[in-house]
Amino acid sequence: MNRAIRTDLALEAEALWRENQSAPGSPEGVLARHERRGAFGVTTVEVTSPQGEAALGKPMGKYVTVELDALIRREENAFADACALLAEELRALLPLGPGDACLVVGLGNRDITPDAVGPDAVDCVMVTRHLRQALPEDFGAFRPVCAVCSGVLGTTGIESSALVHAVAGSVKPAAVVAIDALASRSPDRLCRTVQIADTGIVPGSGVGNTRAALNRETLGLPVIAVGVPTVVDAATLALDLAARAGLQPDPAAFGDAGGMIVTPREIDKNVRDIAKLIGYGLNLALHDGLTIEDVDMFLS
Amino acid sequence: MNRAIRTDLALEAEALWRENQSAPGSPEGVLARHERRGAFGVTTVEVTSPQGEAALGKPMGKYVTVELDALIRREENAFADACALLAEELRALLPLGPGDACLVVGLGNRDITPDAVGPDAVDCVMVTRHLRQALPEDFGAFRPVCAVCSGVLGTTGIESSALVHAVAGSVKPAAVVAIDALASRSPDRLCRTVQIADTGIVPGSGVGNTRAALNRETLGLPVIAVGVPTVVDAATLALDLAARAGLQPDPAAFGDAGGMIVTPREIDKNVRDIAKLIGYGLNLALHDGLTIEDVDMFLS
Amino acid sequence: MNRAIRTDLALEAEALWRENQSAPGSPEGVLARHERRGAFGVTTVEVTSPQGEAALGKPMGKYVTVELDALIRREENAFADACALLAEELRALLPLGPGDACLVVGLGNRDITPDAVGPDAVDCVMVTRHLRQALPEDFGAFRPVCAVCSGVLGTTGIESSALVHAVAGSVKPAAVVAIDALASRSPDRLCRTVQIADTGIVPGSGVGNTRAALNRETLGLPVIAVGVPTVVDAATLALDLAARAGLQPDPAAFGDAGGMIVTPREIDKNVRDIAKLIGYGLNLALHDGLTIEDVDMFLS
Amino acid sequence: MNRAIRTDLALEAEALWRENQSAPGSPEGVLARHERRGAFGVTTVEVTSPQGEAALGKPMGKYVTVELDALIRREENAFADACALLAEELRALLPLGPGDACLVVGLGNRDITPDAVGPDAVDCVMVTRHLRQALPEDFGAFRPVCAVCSGVLGTTGIESSALVHAVAGSVKPAAVVAIDALASRSPDRLCRTVQIADTGIVPGSGVGNTRAALNRETLGLPVIAVGVPTVVDAATLALDLAARAGLQPDPAAFGDAGGMIVTPREIDKNVRDIAKLIGYGLNLALHDGLTIEDVDMFLS
C-alpha cells in the first residue's frame, strides 16, 4: 500500500489497496458495498479480521460513508433528505435503548477553520439532559443528551481522550458520539462526505496531530465516530495528481509541502454547513418523531 | 440589609451593610481595610465568622478587590503595573508549592458578551502541562498548568461544577483557579475591578443563573475565585440612582427591568481587555521570573 | 417635554408628550393611530407640521412601528408572518418602480454588539445588482440591489453620510434603505420593535454618537430608515422607573450612569435574530413573488 | 513561460521566466536585485518596458518583496525590526508630502480566512482624519488617514474599484494604499512575504476572482499595493512539486484541483499576525516619530 497517500476514510483506503494491488476485489477481511439511497451514495466498508486491519490500516468495525453531492448541487429537499439519511445510518450504529443517555463530543480546535467541524456541529446539537429534570412535562420524552467540546491538547494541556473519559465517568452515558475533522485523499470529497464508524476515533487525524484514541478500550463505552474530511494533505494531493498524470514520483520529493493543507476556497462556509447537517442528523437520530422545524425552533 | 440591591462584590456588600445600618464600622465578623498600592486601590474584606457571613451574604474567607482606575486613565505602564499587582495578590492566596499543578477554569458563556470574561481570560493563560513532558528542556521549569472552559448548563447539559469536578479528578491539580463574570452594584466598577477570593465561587452569578458552587467542599481542593463585574442588574441601578437622588422607592416597582442588564457601551472591548489582564496576571503568579514579553511571545 | 428621557422612537416621543401635557390627544401637527395586524401591533405616527416637529423632536414624515411580541412568544409561523408584515410596510414607504435600483446601508459598528444590527441585517440582504448582468437568465427578473456597511467615523475617519453619498453617486439607486440601532425609552421594546420611517436617519443615535443625517436633503434621494431599539440609556431607565414609582427625581442626579446602557441579557442573540428578520423582510419587499425558502436558498 | 504556474509575486514571475528560458539573467526590461537587510531579505524587481511587462505578465513599475523568515523563527525584536523595514520600504514608494492625506483600503472578503488579510490589516491602521479636526492639540501633527474595507462584489454588488473610486472622490487623498491577499507559487512564502508595489493592484487575485484594477489609470491617484501571499493554487502546487521531482506533467491533467487552495494549517492565526505587521508598518510609514508602543496605545 502506498503509505505516502494519507486518508482517514475507509472507502478511500480500500480503493487505494485495490489500486496498489491492481486487484479487482477487496482485501481479505474487508467487505465493501456501495448503494444508491435516493440522491445520495452510501458505501459501507466492514473490516472483519486482523488481515483486513493490516490491509486498510483501520481497526476492525463498520464504516459507513455517505456522499452528499446532491446537497452541493442543491437539489430540492436535499438538506432534509440528507439529514434523514444521516439519522437513519446513525441510528443503525448507535447502541442506544429508549431513554439511554448520550454524550456528544466535538473534537478539534474551534480556532482553526478546517478543524472546527466538531465544535460547530455541537452548536447544533439539542442538549436536553438538564431540561428533562427542570421541565419534565415539556422534555420528559426526550433522550438525555449532553455535549462538550474537548478542546485540543495545545490549548487545554489535557488530552481530549482524558477529558472525555473524565466527563463520561461523571455523566455516565450509554454511548458517546465523537465528531471530528478528517483528512481525505480526494479534494472532491472535502466537506461533502460524512463517515460514520462504530470503531471510535483518534482525535486530530484531520489536521495532523494524532492523539490517544477515543474508543471502547479507552472509555469503556461504545464510541460512534462521525467524521468529515475537510483537508487533503498537500503532499498527498501532489502525489495523487502526479499519479493520475501517469507519473511515478518519489514521495520524498514532495516533502516540501509539509504543514500545508489543501481546502476548498470557501472552507469557512463549507465547514459551517456540513457541521449543521451533522448536528441536525444527530438530533433526528437521538430523538423520536422530531422534525427539522422542531430542531430549528429548539436551537433558535 | 437591602436585599433588592444585588452585588457579588464583598466590598460593596460591606458598604451596603453600613449604609443600611447607618453604622460607622464593619459588621461583627467582618474585617475590612483599604490601601493604596501605587496607582491602584486594594480593598481586603475578611469574613471571619457566621455572623459576618449573615451580614454580608458571603461565605467565610478572604476577598481582595483591586480597583484598576489607573488602567482606564491609561497612566504609563498601567497594564504592566496592574499585572504585577494582580500576580502578587494571586500568589498570596494561591496555596501552591513549587511545581504543584494548577487547573484554570473559565466559567460562563462565551457567546454572551458580558459573560465571556472567563473564557476570554483562559485564552490568555499559558498552558504548560503537556509541554513539560514533550519539551522538558524548554518547559521543565514551568509549573504544570492546564485550562478548560466549562461551558454553561444550557449548552452542555452538565453543571459546571460537575464538569470541573470530573476534570480535576483526572488531572489532579493542587488548586483550581476559577474565573467568572460578576454583578456589581455600581456601574463605575464595571470591567475595572477584579475580586480575588479564597472561598471558591458560584458560577453564573454575574448573569443571573446561579448554579452549584465550585469550592473546597464540592471539589475537595482549594478554589481561588477571580471575578470581574461586567453587569449591573437594571433594577439595582434604578434603585440605587433613586436612593442617591434622596428617594426611598419601593423595590417592587422596579421589577419591570427584569432580564435587563446595565453594561458599559463598549462592553465587547472592555471584556476582552480585562480578560487579558487577568490571564497575564495569572501567568505571572503561576510561573517564577516571567515577564510580560515572555507571555506575549508564548501566546503569539 | 421631559428631554431627559431619551428615545428614538416616534411612538414613544408621542406618548411622552401626552404624559408631560397630561393631555388626552396627540400634539398639533401629529397624527397617531394604532392597529392590530394579526398577532402584531402597528402604530403609525405622522408628523405633518413644524409644530409637530417641535412637539416630538422628530422631522416631518411618517413613522411606522411594528411590535413583534408574538415573535418573542414564538407563536406558530411568527417569523414568516413578521417578515410578511415588515415587507408590506416597507413596500408602502419605498418609492420604487419596477426594476428601480436600491442601495441598502448597514449603519453602526459591527464590533459593538448592540450597534451591530445594521451590519448584521445587511448580511441577510440578497445582493443582486451584479448578478443581473452576469446571469441575466437567472436573475434578470430581480431588482438590482446593492449593499454596503458604512462603518463608523472612529474606524474609517469618514462620516457615514459622506461615504453613503459617495457610493450613491456611483451606483445611482432610486432609493436608499438605511438600517441602524436605536435607543428606546422602554426596556420592553428592545430587539422586539422595528420602526420604519420615510424621513431618513441620523446615524449613531442608538449608541449615542450623533452624526450627520442621511436623508433626502443630504443625499438627494429618498431614504427609508429601518431602526431597531437595542439599548435604553441607563439614566433614562432610572428616571423612568423612578417616575413609575411615583417619584419626581431631579434628572441631574442620574448623570452617574453616563456611558452606561441597558440591554437584554441575551443581546448578542437578540440582535442577530432581529437583524435576520429585517434582512428577510426587506428581501420580500424588494423582490416580487419571493418566499422565505427562496431567501434561505439564496443566502446559503 | 509556463502560464499554468500561477503567482502574483513579481519575484516569482521573474524566477519562473529564467527557469523556462534556462537563461541566467533577467528578461529584457526587467531589473532584479536582492539584498540582505538585517535578518530579512529584500528583493526589488523593476519592470521598465513593455518587453518586461510581457515577460513577467506584470505592469511596469517597482515591486519590492520583503521576506520575513526571521519573524517566523522568532528572532529577538523580529516584529519591531520587520515593522521598521516595512515602514522604510513603504515610505520610499509612497508619494506623500508632509500633511498629505492617505486613504487605506482593505480588499477582500473578511469571511474567507485567506482573503481577510486586507480587512484585518485595516483593523490595525490608525485612523486619524477625523481626530485632527476634533482634537487638534492631540492629533494636529498626525497625517490625515482614513480607511475603508471595500467588501467584495458578491456581498456588495459593487466593484471594489468603483467603491474606492467613489470614496476617493469624496475624501480626496493624495495617495491610496490597497492591501490584499495574493497567490504565490511557493508554499514557503505563504504569510511570510510582503510585496509592495507602486503599480496598483487587481483585487481578488489571491483567491481567484479577478476584478477591475485599482491604479492610477482607474483612480487618478497613485496606488501603492501591499500584498501578502496566503494561498497557493492547488494545481500550481501539484505541477510545481511534480516539476521538482524531475517530471514534465501535462498541466491539463491537474485541472481536478480546481477551486482548491493550499494554505498553511494555521492560516487563521497566520493571517491575523501578518495583517497586524502590515498595519503597524504602515502606521510607522505614515506618521513621523511613532513607536510601536504608540500604536499599541492608540489602537487599544
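We just call them A, B, C and D in the order they show up, numbering each chain from 1.
Heads up, the rule we're going with is that a residue touches a chain if its C-beta (ideal position, glycine included) is under 8 Å from a C-beta of that chain, and two chains touch if they have at least 3 such contacts.
Since we're looking at a predicted model, the values are computed, not measured.
Participant: If we define chain centres by averaging CA atoms, which chain lands farthest from chain B? Would you check?
Facilitator: It is D whose centre lies farthest from that of chain B.
Participant: More contacting C-beta pairs: A-D or A-B?
Facilitator: A-D
Participant: Taking each chain's centre as the mean position of its Cα atoms, how many Å separate chain A from chain C?
Facilitator: 43
Participant: Could you work out how far the Cα centre of chain A sits from that of chain D, in whole Å?
Facilitator: Each chain reduced to its C-alpha mean, chain A and chain D end up 38 Å apart.
Participant: Take the average of all CA coordinates in chain A, do the same for chain B, and state the distance between these two points in whole angstrom.
Facilitator: Here the centre of chain B sits 39 Å away from the centre of chain A.
Participant: Among all residues of chain D, which ones touch two or more of the remaining chains?
Facilitator: Counting only residues that touch two or more other chains, chain D contributes none.
Participant: Make each chain a node and each touching pair an edge, then name the shape: line, ring, star, complete, other.
Facilitator: Drawn as a graph, the chains make a fully connected set, so complete.
Participant: Which of the residues in chain A end up touching chain D in this complex?
Facilitator: Contacts found on chain A: 111-113, 187-188, 190, 207-208, 231-232, 234-235, 237-238, 241-242, 244-247, 249-250, 253-254, 256-257, 259-269.
Participant: Which positions of chain D touch chain B when the two form their complex?
Facilitator: 74, 273, 297, 300
Participant: Under the stated contact criterion, what part of chain B meets chain A in this complex?
Facilitator: 127-131, 144-149, 151, 153-159, 162-163, 165-167, 169-171
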